[in-house]
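Shared chain: chain A. Partners: chain B in the first complex, chain C in the second.
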Partner chain A sequence: MRRLARVAVAAAALASSATAYAAEPIPEFRPHNIRPDVHTDEGGLWATSDEVEQQIKASSELDHDAQLTGYVREVACKVAFDYCNEIRVYVLDLPFFNAAMAPNGGMQVWSGLLLRVDNEAQLAFALGHETTHFVRNHSILAWRKAKARTSVAMVVSLVAGGAGASILGNLVYLGIAASLFSFTREEEADADRYGLQRAQEAGYDPAQGVNVFRSLQAEVAASDFDKVRKEDARTSIFDDHPNTAARLAAIQEEVKTLPEGGKLEKERYRAMIRPHLGDWLKDDLRRKDFGESLHLIDHLLEQGEDLGVLQFYKGEAYRLRRKNGDLELAQAAYALAIAQPDAPAAAWRQLADVEQSLGHADKAKTNFEAYLAKAPDADDRWLVEASLKKLSAGEHS
Partner chain B sequence: MFRKLAIAACMLLVSACASTNVKLADMAGPKPPAGSKILIIQPDVQLSMLTAGGLLEPRADWSQQARDNLAHEISATVDGRSHTITTLDPSTVMEGRAGQLMRLQEAVDVSILTYGMMGVVLPTKKDKFDWTLGDGTKVLADTYGADYALFTYGRGSYSSGGRKAAWLVGAALGVSIPMGAQQTFASLVDLKTGQVVWFNMAVPPAGMDMRTAGGAADLTKALLKDVPL
Partner chain C sequence: MRSLLKIAAVCAATLSLAACATITSAPAGDYKVASDYTVTLGRQWSDMSAAIMGKPKKVRMLSIDGVFLNRLYLVDGLAPGEFIVKAASKDKPTPVYHSGMSPTELVEFVSDSTSALGYDRVETSHLRPASISGTDGIRFDVAAQTPEGLDIAGTGMVVERAGKLYVNLYLAPKEHYYDAYLPEVEKVFASARFS
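Let's look at the complex of A and B:
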C-alpha cells in the first residue's frame, strides 16, 4: 500500500511536469503573417511542414498545370479573404477525395477531390474547411491535446501497472489512445462550420456543402467492398469523423442559419477540370473499386457534357471489372463514346477489341481501321495491324 | 523503493559515461590528394523532443542549434587539413538537378546504414563496400568546382522532463520506458565518379549533446574518425 502511495506521488509529479510545459495560449483566430518562434512547439511543427513542402514541390504527383493550380488558388483566396497571402496551394494527382492543410499554410488539394465536386461552390466549401484549419490554429490545438492525452495515458497506465494490474493498464492506455483518433472531431466540426460560412461570405451557395457529403455517401454506398460500405469513410478530409451522417446533419442545421442562394459556377468549374478528366479517371480506375468509379462516372455524366471521354472510361471500367456481361456493357459504352466529338481515339480501338472478342469480325475491322485513321502515328499501330491481318485471314478461311 | 530509484538514477549516470558507437566502413578508392577541393554540404539535422506520453515533437530550435554547431565543427576540422573547402546550404538548391542529387545521396546513405550496419545483408554488398551515386555527380563537381563532397546527417530525439520522470517511475516499477536517442552519419563522395569513398555512423552517448558546442565538437571528432581528408 505504501508502495502504491509513493508511485502515485511520483506519477503526480510526472503529470504536473507534462502539463508544466510553457505553452503560449492559442488565440481564437490566427494573427496575420506571424511565423511562430523556433523555440516553441508550433515553431517545430512549422519547420517540419517546411520540409514536407519541399518534398511536395519535388513530388512526381504534383500537377504542373499552372492554369489549374492558379484557379484552385483563386478560389482558395476567395474563401481565405485576408489570409490569402499566407496560403500556398499544391494540386496533387492522387485519386482520393482529399485535401490537407499544413500548419505553415501549405495546402494540398488532391485530384480525387477535384473530380468529385460538382461546381465551384462545392470546391469553395472544401477549401473553406481547409482554410479554417489554418485560421483557427487547429494543428497546434490538436497537437497539444494529443500531448496532454498521451501523458495522462502514460500516468494512468503506470499507476495501474504498478498496482499489479498490468492488463488493466493496457486497457486504460488503449482506451485513451483510441480517443486520440476521435478527438479531432471537434476541429473537423469547427472547420465544417466556419468553412461553410467562408464559402457563403465569398458569395457561394452554402447548400452545396450539404451536397458534398451527400455525393460522398452515395459513392461509398456504391463501393464493391463491404468494408468500405460499412466504414462509411475513406482517405478523406472527412475521415476522422466516424459518422458522415451525423456531420451531414450538423451541416444541414448550419445551412439553415445562413442566407439562401449564391453562386454555383458549374460551367466554369467543369471547363477548368475538363482537360484533366481523362487522366484523373484513369488514375481512379487504378483504385480497383469499380462500383465507386462507375458511380462517379455516372454522376459526371449527369451534367450532359464530356460524353465521349466519360463513356470511354465507363467502358474501361467494365472492361477491367470483367464480371459476367461486362464485355457487352463495355461494348455499349464504347459505342456511345465514338458517337461523340470528344471521344478519344482509343475508344475505337477498345471497341474493336471487344467486338473481336465477341466474334463481330466486320465491326471490329471497321473500328480498327477507324482507329488507325484517327491515330496514324499510334505506338501500338503494329499491334492493330496484326489484329487486322488476323481478321482478314479469318475472312478467307 | 528508494533503493530502486537510486539504481535507476545510477543507470542514467553510467550510460552518460559510455563510449561512442563508431563503425567504420571499408575504404574504397585512393585518398584525395593534397589540395583537393572539398564541397561541404551543410549538415541536415532534424531533432525532436520525446514527450512524456511518447510523441515526437519536432524542435526547430534544437535542429538549428545542432546544425550550426556541427557545421562549424566540421568546417574547422576539414579546414585544418591540406584541402580547399567550400560550403553549400542544401536547402537553397533543392529544386534543381543538385536537389535531386541531395535526395539520392540521402537514399544511398540510408541504404548503407540499413544494409551495412543494421545486420541486414544484401547478397551483392556482403563482402564489399562499393556504393555509388553514379557519375551524375559531375553536375556538382562542375557547378561548385569541387572534387569531393562531404554529407552529414543528424536525426533523433531528446527526452522531455516529463519523459525522464516517466522513466524514473517506470524503473521503480520495473517497467522499461525507451528514452530519446540520436544518430549521426556522414559520407564522402568522389564527385568525378559518384563513388562513396568513406562512410561513418556515430551514436552519441547520453552526455554528448550536439545542441551544445562541446557536445558537437566531441561528436564531430567521433563522426569524422578516419575520414580520408
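Let's look at the complex of A and C:
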C-alpha cells in the first residue's frame, strides 16, 4: 500500500503537471547531471522510474554476478561517453531478447539478450541504442506525445495496476509502469541510428548492428508458434517497436554511411558469458518454444566453443519437446556432449535415461556408472542405483 | 489526487472481494482430493482451490495464513497430457505430464510447474524415497524466490500409480512460515492414501 501511495503521488504529479509543462522545450541532447523538478511531468517520470528501480534491486531476476554486471557497465560506458556516470546497469536473468532504459538512467539488460549477441560489438550496439533513449530525452518526448493522445486514463490505469500488483505479481506492475516509458517508432528508429553511431565512435564494427537483427529475425522464424512468427517481435514489455524487418532495412542504410571495420571482441565477450551459458539455456528451455531454443543453440554451436554444454542443452531441448524421433535426437546430442571436456555430469545420466527408454540396456548401464563416477555425491544417487539394479535384473524401463 | 486514490482503493477492494468469495473451510480430518485419494488434515485449512488461475480440475490448493504465506497443493492423479498449471495461451505452454517420464523427469515436472506458478530460481534437492499406500514415489525439497525476491522453501512428493501422477507440494516463505507449519504438512504427506 505504501508503494501504491508513492506511485499515486508520482502519477498525480505526471497528470497534473503535463498541461502546465507541455510547452516547456525539450533539448536535443539532455544536459548533464540534471535531475528534473518533481513537480514537472519529467520529474514525475523520474519518480516512477526510481520506484521501478527499487523493485529491480530486490527482484529475484537480478543477476548478482558483479563481474558480469561490471563488464556490461563497462561496455555501456564506452558508448555512453560523457553520460557514463549517469547510467546504472542491472542485468536481469530473463530469457527474452530485451533491454530497457528508464528516464532516470536505470538500464536493464536481460540475459536473453546477452545469450543472443555474438560479440562485444553487438552488445555495444544494443547498449548504444538504450543509451540514446536517455541522452535524447525519449521518455519525456514519448510521454508528452502519449499524453496528448490519451488523457489521464493512462495514469489511472497505472495506479489501478499498482493496487493489483500485490495480487498479480511484480512483473505485471513493472509492465504497467513500463508502459509509461514506452517509445514511439520514431524514437526507436532514432535510437537505432544513434546507437550505431555511438558503437562506431567507441571503436566497434557498426555492421554488427545488422547482424543482431538478422539473428533475431531468423530465430523468430524458427518459433514453434504461429503467433510469434507472425508478430515478428519478441516478448517485450515495450511493445511499440517497429518490426524487425523495418529496423533491419533502416540499419543497413545507416551502416553504409559509417566508416567500415572496427573491433568485435568476440573472445572477451564469450569468456564473460561462459559461466552463465548453462543457467541461461535452462531458463530459455522453460519458455517451451523449442524451435527458437534449438535455433539459438545451433547458432551458438556454429561459433565452435562450449560444445559440451551446448550439445547437452540441445539434447535437453529434444528430450523436453518429445516429438516422434526426439529421443533419438536427444541421444545423439548427449553422446556428442560427453565427448567434450566441458560436458556437465548430468549429460551422462540423461544419456543413460534415454538409452534405457530406447532399450539399450548395456549402454545405459555404462553411462549410469559413468555418471556416478563423475558425481559421486549426486542428490539422485539412490535413484540411479535403483535404475542400475533394474538394468542388472533385466528390466529396461 | 484524492479521486485517484479513491479509484485505486475501489480497484483493490474489488480484487480482494473477488478472491474472498471463493474460499471455503477445510476442517481438520479427512480431505478427499479425489474419489480414491485422501489425506488427513491435522487442523483447519482454507480451501482456495476455486481461486487458482484457470481452475485446473485436479488441483486443490489449501492455505492457513493466505496463499502468499503458505500453500499446499494436492494434485489428483494426472493422466498423460494433464497439468498442474493451466497455460494462459497456446504460445505460452506450461509443463505437461507424459507417460514414460523417468523419476528425475517427474521431479523436473513439479519444479517446472512451480516456475510456471510464477516463482523464480526454482531448484529441487534432497531427493529421497517415499510412498503412498505402498506405491513407491519420490520426496524432494524445493527452494525458490518470489519475483519480489522473497526466499521460498518447499517440499514435494510425486507418486505414479496406474499411469497417473499424484503430487503433493507445500510452499511457504523460508522465514518463519515454512518451518511453522512443516510438522503439520509432514503429517498430511504421511497420511496420504489411496482407497
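Here are some notes:
By definition in this document, the second predicted complex is superposed on the first by the 333 of 397 C-alpha atoms of A that agree within 3 Å, B and C clash if a C-alpha of one lies under 4 Å from a C-alpha of the other, contacts with A are read in each partner's own complex, and residues count from 1 in each chain.
To be clear about the criterion, a contact is a pair of C-beta atoms (placed from the backbone, for glycine too) under 8 Å apart; a residue touches a chain by one contact, two chains touch by 3 or more.
If you're wondering where the values come from, they're calculated on a predicted model, not measured in any experiment.
Contacts of A:58 after superposition: both chain B and chain C are touched.
When the two complexes are overlaid on their common chain A, residue A:67 makes contact with neither chain B nor chain C. Of the two partner chains placed by the overlay, neither chain B nor chain C lies in contact with A:33. Of the two partner chains placed around the shared chain by superposition, chain C is the only one that A:349 touches, whereas chain B remains out of contact. Of the two partner chains placed around the shared chain by superposition, neither chain B nor chain C is touched by A:324. By the touch criterion defined above, A:228 lies against chain C but remains apart from chain B after alignment on the C-alpha atoms of chain A. With both structures placed on the common chain, the touch criterion links A:382 to chain C but leaves chain B unconnected.
Using the contact criterion defined above for the overlaid structures, shared-chain residue A:288 touches chain C, although it does not reach chain B. Contacts of chain A with chain B, set against its contacts with chain C after fitting on chain A, overlap at residues 11, 58, 155, 162.
Only residues 2-3, 6-7, 10-11, 13-14, 17-18, 20-21, 38-39, 41, 43-48, 51, 54, 57-58, 143, 146-147, 149-155, 158, 161-162 of chain A touch chain B when the two sit together in their complex.
Only residues 1, 4-5, 7-9, 11-12, 15-16, 19, 89-94, 98, 100, 102-105, 112, 115, 118, 120-121, 125-129, 138, 145-150 of chain C touch chain A when the two sit together in their complex.
Those residues of chain A that touch chain C in the complex are listed here as 4-5, 8-9, 11-12, 15-16, 55, 58-62, 93, 155-156, 159-160, 162-164, 167, 169-171, 225, 227-228, 286, 288-289, 322, 349, 353, 356-357, 379-380, 382-383, 386, 397. Within the complex, the chain B residues that touch chain A are 1, 46, 48-49, 51-55, 57-61, 63-64, 91, 94-95, 99-100, 103, 160-162, 165-166, 168-170, 172-173, 175.
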